[in-house]
Amino acid sequence: MAAGELKLSGWEVGEVRRLPGMDVKKIGKDLYEIFIGPQHPGSGHMRIIVRLDGDVMVEVDPDLGYVHRTMEKLAEGRSYIKVIPLMERMAILDACNITLPYVEAVEKLLGLEPPERARYLRVLLCEINRIASHLYGMGIFGVFLGHSTMYMWPFGDREVFVELAERLTGARLTHTYAIPGGVRRDVPEGFTDDLRKAIRYMRKRLEDYRKIFLDNPVIRARLEDVGVISRNLAIELGIVGPNLRASGVEYDVRLVEPYEAYDELDFEIPVFEEGDALARTWVRVEEIKQSLRILEQVADKLDKMPREGVMHDKFWAKAPKLYKDVYAKEGRVKLMPLFATLRVPKGKAFARAEAGRGEIVYYVESDGGMTPYRVRVVSPSFRNAIVFKYIAPGHRLMDLPAIYGSIDYFPPEADR
Amino acid sequence: MSGAITWLGEWLFWPPFFQLVIAPGLVAALVIVIFILWFERKAAARVQMRVGPYNVSPRLGGALQLIADLVRYSFQEFIMPFTVDRAAFVAAPLLLLLASMLPMAVIPVSPVLPYSYAWPNIMKYNLLLALALATLSPIFTVVAGWASNNKFSLIGAARESFMVTAYELIFVLALLSTAAPVHSYDLVKIVEAQSTWKLMALLNPPAFLAAFIATLLSTSGFPFEIPESEHEVVAGPFTEYSGLMYGVEMGAAYIKRYAMSVLMALAFFSGWKPLDPQPGAGVWSGYVAPLVVVLVKATIIMAVMSFLRAVYGRYRLDQALHLAWKILLPLALLGYAIGLVYGYLGVL
Amino acid sequence: MPAVPSRKRVPSYGFLSSIKGNLEALTIGLKYFLNPNRSTLHYPREYIKLRPGYRGYIVLNKAKCIMCESCARICPASAMKMVRFQAPDPKRPGKMKLYKYPVINYQRCIFCGLCVDVCPTEALRHVPAHDVVYMNLAEMELDLEAFQQEPKSPAEEEGGIPVRYIFDSEKGLVKVRASEGGGGQ
Amino acid sequence: MEEARRRAEEALAGIYESIEEGKGFVSFIVPVERLVEAAEALKSAGFDHVKSVTAVDRPKEGVIEVTYHTSSYGDPELAKGIVGLTVRVPRDNPRVPSLSRIWVSAEFQEREAFEFFGVIFEGHPDLRPILLAPPIAELRPLRKDFVVKEEPIYRGPIQKVEKPP
């Protein structure tokens, strides 16, 4: 049963012929099709159907949905508070960012604003998550380019921030931290000192990253002028996050519509002009630097602030003494039983936030009942997936991992 | 009985057999490759905040992990897909291994117990012979990819053939530049002409650099791990292989790297120097000791190559070819010119 | 002080910087090769001594339970359910009373800790263990008795060394023995 | 937000039927046949991308509501607001002209609304399911008549015991 049995003469485009064990279809003259994924080391939980002419991709069709969980439907059947642990499963290492707009949307419908300390604590965890998310993305990117050290280092350093998040929330990932009205824990003792140590460490490490990865000639060669997205194209495709800012668009939700405590903090939004894979990587590095800057300010602010009020008075004013004792002793905010059966006034709310991989938007509609009528979530990776279709063609096959990694595409987040 | 032992001993130590099968051939190669694989994993782990292989033999730092892997590979099922060309599919890895080792048969590791009674005339050209044999193996990688009847394998095989055409000329030119100064293609003479500090690598750095990078190119070492590049073509030509055959194919690249490292240790790093065995020396001082020195030098070269895994990613195919044709080839030519000048001036 | 955008460019790169880049990459690799910064945990010879406040396994203190069902209502994974018993009421002889207690199914539990936080009497609490081993799936569905017992970490039972990671501005996370009192709390 | 609303109102003057206020966005309800016109007007007013193509099933009214939540990347003033463009189409034959020729960013999201609600976007370049397998997509899972049942909070029936546990 050798390969030679496939007769090539008179084979029309589109015609299917049988080989033992497989059907073979001619898709075009000099074209062939490879299926990257879903069981492929370079695909993640998705399939990329690539049509190649020689070594050059002529058509790329991202086939998503391999880890789809129908979160939007599941959310319609559960009470408001239960949607938070559900939604954070789309990007577990970015859990606070990814659920924050949902919480904000519910808060908008409830008509309440979280107290100041809670807003800072949310920013604290969001920025820790953002750094962890960027490091994760850079690690995956590194291994896509065969750079195993750049795989291990960010993952090792991410551990620092995961550990910080664990001290703060009690869980390494899936923190379920922000809830309508406030947050679930206050910072433990000695946390801000540890945070400052971690910040100092990370600043040093970023220099090492530059030396071994970003300024490494091999990596430069792989990334420069690869997957260039011009400013207009970026706007047209509606991509989000660091990828958008690498193309010279000054858009960041923290900039245009500051939420939580972001309008009281002093930081920059790095914007790069080039729009290629290298610029997208640099944006992430610069964003980590800015996040460290934000964390420093938040640490100072938290130290100065009185240690009280991480929950809105609506849920805290009538709290029994036991609740206040637990908060004073452990920093843990106990929830009123009404959280289990929270009713939200009728209305429609739209909220957005800047998650690690870009802008995430939620549309929450309530019909006054215990469960949301409709929760629509568009995650950053889902909006970035379009890059495969419109940017990858024209590049060589070996550029596909570079493009994939540089847009920091995360299939579970896109599939929801 | 004693006659049989003598006969066996004669066979065993008959240089063409001993060189190919015992040392520096198959047995020594396996030992060194296992060490290098262990070193590669440990070195990468040190750089990468990890521990590396450990649990199999904590006291040896996990050195037996490779043996365990080998055992696992040998007991794994060898799956033959329905659509492969069976004969070529099975033959390719074995021939690849054999072809990777062939240069060993003609590489001298000592000046004294040489080939005088084996192939006296041919051995004057052992450098050329070794180079010619070293360029034989890539064809079987291509065969493996083609016989697999898999698109990823095919792409990998095509990449391999691109890489082969790129590196061969460079490697040959770079090594020939060491033959020019001594007016001989005999590696023994090339080694004898060098001394402890008068190393060919120091006298002719362009040639050495070209040979070093060409070795990385030919054995898919980082940053040129392109034919097997995991994130586009899974395992390149070896995608359809499993079990022992996969182990053999992966090992073959290292054995080839080892053969080329031995060549480089001789041509650029003065081989068995500082030892200087005189004619009439016994087996130990005349053959085994120089052999060990050569192997140590080759191992160090390989260790440096392995270390690069922790520092580099992989180039794109066209960039690797660009590097090979536009930078390394001129570099090798420069090295050759330097070699010619040395030869004309009679420096060595 | 709201955020401000800042325009940047990727650092430029010439022929000489490619040589510099190679050297820098090799040097930094060599630096970590000679002086590694490892954070590996040799589980189960070592295990992390979890801090109080870690959202680990959950244990019920039945004496405090007031049967309010809040924990089962709030559980997002339907892991916590109520079991109901009808038994004679000790306070009112001759009458029956409905007792309700939560039990947990660790096949589904996502350790969000909402049940612990919502419990009005602190009848539920986290224990610092996160690596309990069950022999089969059926065992993971705890009954009322099992839910009141504190699960044990296998590494702790087998005499592993308890360690903790503490923060360090040079090495990031440093592993120290928990007995040496590292890390506070 | 105010600026975005004003500019959108200007651009859509005479096209929209009514304005719907939401928390954090404002939505303009337009008739289906004028949707393309409205989208072109919005795009030329500077709303250059679609953030979300939100479909909501309303079985009581017998309609499916499709909202294009748009905003701007290029104009920092417009970026502060979110403007929705809403059409209501009958549930049994939901046909909406595709806007992915105007806003490329809507392409994948229209495919998503198609598979989850069965809304047919006429003129879409590549209308096929994106997240679901075709047989599942046939069920139109996000419509309200596809019901997901949550489990009760009790385990098993009431047990009779002699002694309180």
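A, B, C and D label the chains in the order they appear, each numbered from 1.
Here, a contact is a pair of C-beta atoms (placed from the backbone, for glycine too) under 8 Å apart; a residue touches a chain by one contact, two chains touch by 3 or more.
These numbers were taken from a predicted model, which means no experiment stands behind them.
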Pair of chains with maximal C-beta contact number: A-C
Chain nearest the overall Cα centroid: A
Between subunit B and subunit A, distance of the C-alpha-averaged centres to the nearest whole Å: 45
Between subunit A and subunit C, centroid-to-centroid distance (C-alpha), Å: 22
Chain centre separation in whole Å, for subunit D relative to subunit B (CA means): 62
Interchain centroid distance [CA atoms averaged], subunit B/subunit C, Å: 49
Of all residues in subunit A, the ones touching two or more other chains: 78, 149, 156, 212, 216, 250
Set of subunit B residues in contact with two or more other chains: 47-50, 310-312
Residues of subunit C engaged with two or more neighbouring chains: 25, 28-29, 39, 73, 75
Inter-chain touch pairs (all): A-B, A-C, A-D, B-C, C-D
Touching residues on subunit B, where the partner in the complex is subunit A: 44, 47-50, 81-86, 149, 151-152, 155, 222-223, 225-226, 229-234, 309-319
Residues of subunit A defined as touching subunit C within the complex: 78-79, 81-82, 84-86, 149, 156-157, 159-160, 163, 166-167, 169-171, 174, 176, 184-185, 188-190, 194, 196-198, 200-201, 204-205, 208, 211-212, 215-217, 220, 224, 248, 250, 252, 254-255, 258, 262-274, 278-279, 282, 286, 320, 322, 326, 330-337, 339-341
Subunit B residues within the subunit C interface of the complex: 43, 46-51, 54, 307, 310-312
In the complex, subunit C residues that touch subunit B: 25-26, 28-29, 32-33, 36-40, 42
Complex contacts: residues of subunit D adjacent to subunit A: 20, 22-25, 48-52, 54, 56-57, 67, 69, 73-74, 76, 79-80, 82, 84, 103-109, 116, 129-133, 141-142, 146, 148-150
